[in-house]
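Structures given as structure tokens follow.
In the two complexes that follow, subunit A is the common piece, with subunit B as its partner first and subunit C second.
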Partner chain A sequence: MEQLAVLNYLAFFLVFAGIFAVMALGLNLQWGFTGLFNVGVAGFVAVGAYASALLTGPPDPERVGGLGLPIFAGWLGAMAASGVAALVVGVAALRLREDYLAITTFGIAVVIQLVTLNAEWLTGGPFGIQSIPKPLAGVLGTGFVWNLAYLGLVLAVLGAAWWALERLVASPWGRVLRAIREDELAAASLGKRAAAFRLQSFVIGCMLMGLAGALYAHFVGYIAPEDFLPILTFQVWAMLIVGGSGNNAGAVLGAVLVWAIWSVSGGLIRELLPAAEQARGAALQVVLIGTLIAAILVLRPRGVLGERATVSRHAGDAG
Partner chain B sequence: MLVAQGLTKAFGGPPVVDGVSFTLARGTITGLIGPNGAGKTTLFNLIAASLGPDAGTIALDGVRIDGRRPDQVFALGLARTFQIPRPFPAMTVLENVMLAPTGQQGERFWANWLSPGAVAAEERRNRERAMHWLDFVGLAKLAGQPASVLSGGQRKLLELARVLVAEPRLILLDEPGAGVAPPLLAIIMEKIAELNARGITFLIIEHNMDLVMTLCRPVMVLAQGRLLLEGTPEEVKRDPRVVEAYLG
Partner chain C sequence: MLQLVADGLVVGSVIALGAVGLTLTYSILRFANFGQGEFMTWGAYLAVSALAFVLAVTGGGVMEPLGPFSFGWQLVVAMLLAAALTAALALAVDWLLFRRLRRGNAITLVIASFGAALALRNLVQFLYGTLPEYYTREIQIAVRLVPRDVLGGLRITPDQMLVIGLTLALMLALQLLLTRTTLGRAMRATAMNPALARVAGVDTDAVIRATWVIGAALAAVAGVFAGIVGQIRPMLGFELLLPLFAAAILGGIGSVRGAVAGGYIVGLAESLAVPLVGAEYRAAVAFLVLIGILMIRPAGLFGERA
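Now for the complex of A and B:
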């Protein structure tokens, strides 16, 4: 029984790590390969999570939505919704330089979170959305076996996202993204319409974040505005920096590492601190991750794995 | 081939380029000289559409190009290099060059999924062309290296290969000779002359008088944003106004 509990926790842990890895991959396309400073990750995750919950959940007289569609349709809807949100934001904001884009995306994520908190007719307000369907729960129950099955699903999504991104960044399309990251003016002088490529990269990255939000919603079965606070954006950035931006393997490794440190430190704080101090103790997690980022930036500025030199598939064996 | 009329550009103060009009004849190498701050690079930025003019028009073979985006001007066959070379340092030398051809199918997101075979074939041709031009400028051996390892002169050659692979009709070179070791400079001059013989028109900003005297016919002199005169290198050299412009 004891062993099963450990295994169950491990599956639980890996599902979350996998979901974070999908977000980190999306951010890596934007920052690691295109140089887009997106500090609104949580907002696009929230859009995906709510979209899928509204599309697939049971009807609720208190709010709109609850269309009862299949879960797969919810996931596609999540990607579409966050993609459209990214398109709107991108058209308006991508002309801004790095630091201004960061401020803008951060503000947009805060606005999205406030909308989830206040638009009760749509999002259920502070109580969030409950009883989001869990795929195959009718067959598998909601115990260890279901956790394991969901882990398989998350890994399949992660694998597909990985495969698609690896293919894309090594394509001529990805080559233009990397050129824009390196020197946008030079890329424009070589005939590349930088604005269009930046927008494509931004939208695709945000669609992955939305998909990750949907994966989260259907695993936990319950979402609320407090799940999409700026701390989520901070975590995903920490994952990318620690793992190595510009490297998809780094993004995934960073997700596992940072989530492990986050989970273990959270557990320790719960075990070691008296109940009265726990709320304040939770701030230590942020301090810990912040220290880790600082240490990584000093010791291995390019992350644990560092940027791998991505070369187009057809230019690989030169020289 | 290129006709500029009344080009004017100011950055909040007095105009940096002030009513400049000129014509570049097909097949020429035109030199653009003038003291620092005369507005030469700004004029380049106007022609290559990195900046929009406050007034004036530019036409390339009869097609208006002022008011267009830099990528559109490049696609029309007008390419430029930078005073301080701007390679993509983390990309390989070969990739720097393979990036440049316009209208690549593989740069469209969906083409990579819907017609991967065509993209692969296009990349093979693209790679051959890139290697051809790298060979032309003598960088073929460094094709697999990241561009960050190149010296200043090699970076200028890389920029040249990078625009050549897109087969432009007119190339603007911003100080191709600046900061280049003499043996490399000789190579650069030789390559410019060879390309010109094949029909490419050049406009060159340069301070190196050897290069200007050897290659450029005619030479235009820009001072304080205005075109002072245009003539053969000998005429320009003798003209007292030019000496005055340089010495202030």
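Now for the complex of A and C:
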């Protein structure tokens, strides 16, 4: 039984790491490949989680939604809802200087947080939404086997997202993104419309975050506003910066590493500190993450795995 | 109606003070500093500690209220100490972090300020806990300025009037500093063209230090004001960050009078919207102002470039 508990914990850990990795991949498309600074990750994840919960959940007389649709439809809805939110923000902010996007995404995350807290007819308010259906729970139960099956599902989604992104960034579309990031004027003079490419990259990245939110909602079965606090945004940023932005492998590696650091330090705080000091310990844990972001930026700006230099295979001959 | 305007002016004063610091660092250091809100929080909390210290040193331990206000001279001393300490904190963060990243991409500085803000906010929570603090438990009687039958009437406490008055005085002083002194001219020159300013003999490092000192000290004062008219909580500055950005962009980045006007507009908009959307959506109003100005006039009211 002891071994089973450890394995079960490991499955839990990997499911969360996988969900974070999907978010980090979305952020990597925006920041790593396009240079867009999104400070509203938590907001877009929340939109996806709530959208899927409302579409697939059982009806509730207290609020709208509860359509009882299949879970797959919920995921598509999550991606669509996050994409629409991203479109609104992107159209307003992307044509302006780059840090306006940071401020606007920060703003939309604050507003989404307010809506989740206060719009009880839609989101259930501070108590959130319960009994979000777990896929195949009727067949597999909700124990270890189900956790393992869900891990497989998360890894499949992560693999699909990875494959699609690798194809995308290696395609002519991805080359244009990097060209815009490096030198917008040069890209524009070759006839590439920077604003349109940026908007596409931003919306696709946010759709991945929404999908990750839906993955989270159906794994835990319960979502509330406190699941999507700004700290989530910081965690995903830490993952991307630690792993190395501009590299999908780096994003995934960073997700596993930072989530491991976070889980272990959280566990230590729970073990070592008396109950009265837990809140202060949690605050210290966040100080650690903030300092980690800052230190990596100063000491190793490329992260553990930096971006691979992509040079045309014809360039070698000339040199 | 009038009451909402008065409340808006009080909140607007706090936003204006913070936004001025934000707009200065934005135009001279060239990045959006997400840590500005935390300087407000730190200012408010450092004043709590400084007040305890001043009260302990002067003996007594009790603060005798000054005239009609809820606090005594000790809080004024504590506020000045807190402003100096917050300025030192800003210089330390700059020295440890931002200075090393200035050569790179501007957006790296934004991320760094994000990490720094996170660390600073939670450090406050670690040191002081999450329970709200107050400078004084004195209860103030609001003065009725306008009788109830004229537009709903207006009641305001002496503290609130002082906050509005001091904010305007500070802004006037800052405007004079920027337009009439050598330092002010050097700051404006650096904001316009750092390379040219350096060629002309401006010590841009000194200008950057002065910018941090002014921005952080004003933020600390704003934090103390917020604490005088409300509660001191670890999230105080974070919750004001969106209104600060809205005000700074509304006024036009780099424009001090723009940031002041923006601060009051955002404060008034938030207050006047409360009866329509409810107090819980206050922060969303700042966001609407932000989106609106970005759509219609991204350079801001007084700005030239976007």
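One rule holds for everything that comes next: the second predicted complex is superposed on the first by the 305 of 319 C-alpha atoms of A that agree within 3 Å, B and C clash if a C-alpha of one lies under 4 Å from a C-alpha of the other, contacts with A are read in each partner's own complex, and residues count from 1 in each chain.
The definition used in the following text is that a residue touches a chain if its C-beta (ideal position, glycine included) is under 8 Å from a C-beta of that chain, and two chains touch if they have at least 3 such contacts.
Because the structure is a prediction, the values reported are computed rather than measured.
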Partner chain in contact with A:Gln200 - subunit B first, subunit C second, else both or neither: first
Contacts of A:Gly107 with subunit B and subunit C, given as first, second, both or neither: second
Touched partner set for A:Trp262, first subunit B, second subunit C, both or neither: neither
Which of subunit B and subunit C A:Ile241 touches, first, second, both or neither: second
Which superposed partner A:Phe44 touches (first subunit B, second subunit C, both, neither): neither
Intersection of the subunit A residues that touch subunit B with those that touch subunit C: none
Contact set on subunit A toward subunit B in their complex: 167-168, 171-173, 175-176, 178-179, 182-183, 185-194, 200, 204, 307, 309, 311-315, 317-319
For the subunit A and subunit C complex, residues of the former touching the latter: 35, 37, 39, 92-93, 96-100, 102-104, 106-108, 110-111, 114, 117-118, 230-231, 234, 237, 241, 279-280, 283-284, 286-287, 289-294, 297-298, 301
List of subunit B residues in touch with subunit A within their complex: 48, 50, 69-71, 74-75, 79-80, 82, 86-95, 98-100, 102, 104-109, 112, 119-120, 122-124, 126-127, 130-131, 141-146, 162-163, 166
Subunit A partner contacts - residues on subunit C that touch it in the complex: 31-32, 34, 97, 100-101, 104, 106-108, 110-112, 114-123, 125-126, 129-130, 238, 241-242, 245-246, 249, 278, 280-281, 283-284, 286-287, 290-291, 294-295, 298, 306
